[in-house]
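A, B, C and D label the chains in the order they appear, each numbered from 1.
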Amino acid sequence: MDFRSDNTASIHPRLLESVLKVNQKNSSSYGADEYSQTLKDTLSDHFGCDLDIVLASTGTAANCIALRTFCPSFGSVLTTEESHLNNDEGQAPELFLSGGKVKTFSTSDKKLDLLKATNWIHKAKRMTPHAGKPACVSITYATEWGDLYSLQELREIRSFCDEHKLLLHVDGARFANAICSAQLTPKEFYNILKPDALSLGLTKNGALQAEVVVLFNLKYKDDLRYVHKQAGQLLSKTRFFSAQILEILKDDLWLELASHANERASELKKIFDKTNRFKVINSGKTNQLFIEMDKKSKDILEKNNCLFYHWQDNTYRFVTSWMTTKDDIKNFSKLLTSLK
Amino acid sequence: MDFRSDNTASIHPRLLESVLKVNQKNSSSYGADEYSQTLKDTLSDHFGCDLDIVLASTGTAANCIALRTFCPSFGSVLTTEESHLNNDEGQAPELFLSGGKVKTFSTSDKKLDLLKATNWIHKAKRMTPHAGKPACVSITYATEWGDLYSLQELREIRSFCDEHKLLLHVDGARFANAICSAQLTPKEFYNILKPDALSLGLTKNGALQAEVVVLFNLKYKDDLRYVHKQAGQLLSKTRFFSAQILEILKDDLWLELASHANERASELKKIFDKTNRFKVINSGKTNQLFIEMDKKSKDILEKNNCLFYHWQDNTYRFVTSWMTTKDDIKNFSKLLTSLK
Amino acid sequence: MDFRSDNTASIHPRLLESVLKVNQKNSSSYGADEYSQTLKDTLSDHFGCDLDIVLASTGTAANCIALRTFCPSFGSVLTTEESHLNNDEGQAPELFLSGGKVKTFSTSDKKLDLLKATNWIHKAKRMTPHAGKPACVSITYATEWGDLYSLQELREIRSFCDEHKLLLHVDGARFANAICSAQLTPKEFYNILKPDALSLGLTKNGALQAEVVVLFNLKYKDDLRYVHKQAGQLLSKTRFFSAQILEILKDDLWLELASHANERASELKKIFDKTNRFKVINSGKTNQLFIEMDKKSKDILEKNNCLFYHWQDNTYRFVTSWMTTKDDIKNFSKLLTSLK
Amino acid sequence: MDFRSDNTASIHPRLLESVLKVNQKNSSSYGADEYSQTLKDTLSDHFGCDLDIVLASTGTAANCIALRTFCPSFGSVLTTEESHLNNDEGQAPELFLSGGKVKTFSTSDKKLDLLKATNWIHKAKRMTPHAGKPACVSITYATEWGDLYSLQELREIRSFCDEHKLLLHVDGARFANAICSAQLTPKEFYNILKPDALSLGLTKNGALQAEVVVLFNLKYKDDLRYVHKQAGQLLSKTRFFSAQILEILKDDLWLELASHANERASELKKIFDKTNRFKVINSGKTNQLFIEMDKKSKDILEKNNCLFYHWQDNTYRFVTSWMTTKDDIKNFSKLLTSLK
């Protein structure tokens, strides 16, 4: 029972098959191959709009490429205190922003606080140039807390960006989990939020280091190519990653895998909810659960070959993936029952 | 007949097999897996010394991680005008050096000119702090011109670094090609040059985006981990790349593949040398040939499905790889014969 | 009645005299003059220890030079939410840290919260390298809120830095006001806190753009010179600034001027405290007062030629300087009396 | 006889007078004072066009502010190998460009080589994004070699920038010396070259750390303010520097002082030219002479209290300033005569 991370899961067999297929012959390097060319059009179909793409080997790189492209070196990126880019990327944003600043505004449920952000923007503008220039917003969807912005919240973020002329980036490390849970198609999502760029993560959903920076704001098309290369992310054998992404998009495999993970998490949540010993403290809408438990419970679970991560204090994180089986959940349920 | 680049070649089957094997079960993320742990020791055996490693998805990233680790943000990196890091990395070094400067000193055969470099160091020290601090040397082995530093030259570089207290980085995008041609083992190479770090490239030798920053100077061990993550290069599924590298190191497959490519280049060179129409203008010691030809010859070759890159003016680059067959060379020979 | 800022005050006549004196003959440039050489020794006498110095034309530059010297490009600087470097320096710290991150931990009275900082350090170390490396602390003394760290608090900060191996920087834009109020000599201050560097501000105390980075940790002596030049702060005519600082240090003029400003603020505070209409919401220990008042009161004051800055909401800042006279305070007192 | 640098000269008395005048009362900080507001209009009159300005305390800072404003962080700045920004600014440009690269193209007379630059641009565009984006040109006028671009050369630079859509920056550390020698008014200069920005240096011409970034391309007006503050160059007491500049512009004092220095250099050149022992190896059009002499001659001069700088090998630099008197030149002439 491995609930450590969706990164510990394997590559989905269909994706590995696609790699084997590409490997049958040599092909153009640096993304000039046919797979990479097709991928752009395919994603354009999915999102229902013109777009451009570059690939990245990590979510950190994808986020930083988007933000370096959008944010002037005296600009500020508005995000949450809990965002991956503020906490978990080893100060990569600070490196890639080259003078840009990550400013955080969080609500109690770890989403972007538009009221606080608005107040700061007013203050920053009054203080110009003693404060940096508000330039971009970055939200994570699904959030780091496994949660979703509601449609209403997405619309408010859109208005906020319009009002203050801010570019909008979405960290979509678990984007498929989010739209599946929200029952949105990519097109619907795009039409509601109209982001300028999306870091579309597929690695946690079954791919091998395949992340896409999807650029919707084509004004930045040329800049994106330069930043992508400068970030050390222009892969000579791009074709093997493009092919994986084409495959996972085919027949909506990506959504199927994400739904699978979400469902397992939902089942897991129900199991936890039935006990007194464990408390699920987040919404459980996607594939991450944050659980409060005492040390003794934690030790017993670990002793019974159940793997998960310590988050902070007495909180632990359980993540399901495309590989989590119904049997895993059943076995876990039995384990919990046996504890009572 | 594809002589465009060793990047257009496929992944070697044994390496893909290793990926399939790793995929049979889930495993720890971010390099905490058994493959990644073993890889460090295996490389340590190959180089005959203690070392540390991080993986990177591109050669650009590997070089920049090493240089950011070594060079203070007011330091200078001494390299050649023709170096990949000066010309071909989209100003990634300038981004990652964060104030560090790439200074170039080239001999007529496109190697590092130690005399010019020494003169500049004397001047820079006299001018302190109006000039930056000489901090690192970066040489490419094999060079971008497909050439090798002789043992004597390597020893002089070592002395130069000792004298001026400079850290030494080797860009080894085609390191296996170099040591095979020079008939050096990795240990012998290490003992002669004692570099502080090596960007060990395996992508051009048959792997899928598998590059290693090999750190020999363990004083920078902790810094390297931070820089690696900050560069957006800590791969969640590192295990699939570690496994490939373990496989290519096994039974000296990496050397076998590099020798294969070198030999094909050598054969190709002989074919060119027999004509008047084409002139090989580099040493041809490794797997890259630079050829002068007139436009008409170029057009005929391309019309006959021969792929290669324009370098500059009337110079073209031909690269062989582990995939280049004896038949490819024979066919090319026939084509050239038919032209006469 | 100008209470806008100590920056609106003039250059003290004795300092201008010193500029005139230096101007009588030409002299070496870039700090190789006799004044600049003497200044280092003079400051060494004042602080009772070996030290090195570079000059800067702004406090922002002084802070950034110190932090760039101390903080590795993957390191974090721990400071308060309210710090000048976090709020008022136009993202200069983000530029000069080149990947370093400003992390904030504030108590309710706007001082560095050592408990929160300790918790974060534990978390950051556990997360290595997903979080940056805790590297420096920067406190402001007197704080941006016009307040002082107590001797006990200074000692705790020293212990905290020792325990976590953090370098310690002090933003001393109003350092003289602080030590005068705390009744500490520079030597006593140094012996209690043992900072690694101090941004010693003299501009707000009567000088013309004369700020000093005082380096106590001489391990960084060479780095400091490089960073200073790289920051664009090596002044060709340094001598005119060194001479001013020598003059203000002479006969403790700097302390006399700072005490003068502090006393005027103290008198002003008493006047405010006697009213109901105005509320002094900070300690008033140095030369800054933060006052809550209603809009009507504010309008009346401004109408009566009283100058001061809006801070936020219904809070306003009043600053006294070496130029503020007893008559200014009397006139202000009369004005307030007339309002009742 | 001090020929070391125009930086060793004093502040011109009229400029110091202006400082004393400003000091008579307190005034707004951070450039909101009347002098700073007037200065912009005055410069606008001098150059005959709309413009914006920020002040800087060093030429290095002025150059870096202009380049950071203009050059995207993946862009290249084209300049000469001998430029101050490439050699003498302690890698400040590398810090402030944040990923931008300084690319050098020099003619044999140390001016910008437009032919080489054009070739590189063609190559860089072909290689996109493996090479950075050509973004700006920076020329120095008068050059570091004391020379001038001819009107024809200036027109060619203008065409070159137009053709390749490059922004144009002029390092005018000795701008007054240049236009005086070329017999151009500021307006004429502007109309010929139409630069996007000029670093207008007045420090070497008699001011106290008073440098101006003159922005002609008003599209970058807002960006410039942010960059200026972020560079640590927004001076709280800007008024004292604005007043100096207003004074030096008044009655064309700046041109008078620069002409004075140029004339002394011209006289000095004639004296050198009459000997065999010394060889003036630059044009001598402005206030810098580069002289070849043997060690013995150098020793004699120094022994006779003649101050000058060693440049490189057997080359020495002699600089005249507004302070250099006809008597200085006569005395030097006598000294040389006595040597024969």
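By our rule, contacts are C-beta pairs under 8 Å (C-beta built on N, C-alpha and C of every residue); 3 or more make two chains touch, one makes a residue touch a chain.
Predicted, not measured: the structure shown is a model, and the values here were computed from it.
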So which chains count as neighbours of both subunit B and subunit D?
A, C
Most distant chain from subunit B, judged by the mean position of its C-alpha atoms:
C
Separation of mean Cα positions, subunit B and subunit A [Å, integer]:
33
Could you please state the distance in Å, as a whole number, between where the Cα atoms of subunit A are centred and where those of subunit D are centred?
50
Centroid spacing, where centroids are CA-atom means, of subunit A and subunit C in whole angstrom
42
Which residues does subunit C have that touch at least 2 chains other than itself?
73-74, 89-91, 95, 98-99, 129-130, 132, 226, 229-230, 234
Quick check: in the complex, which residue numbers of subunit B touch subunit D?
73-74, 76, 87-91, 94-95, 97-102, 123, 127, 129-132, 312
Once bound in the complex, which stretches of subunit D touch subunit C?
2, 4-5, 7-11, 16, 19-20, 23-30, 56-58, 60-61, 64, 89-92, 95-96, 98, 203-204, 208-209, 226, 229-237, 240, 323
Which residues of subunit C touch subunit B once you look at their complex with the stated criterion?
68, 72-74, 98-99, 128-130, 132-133, 223, 225-230, 234
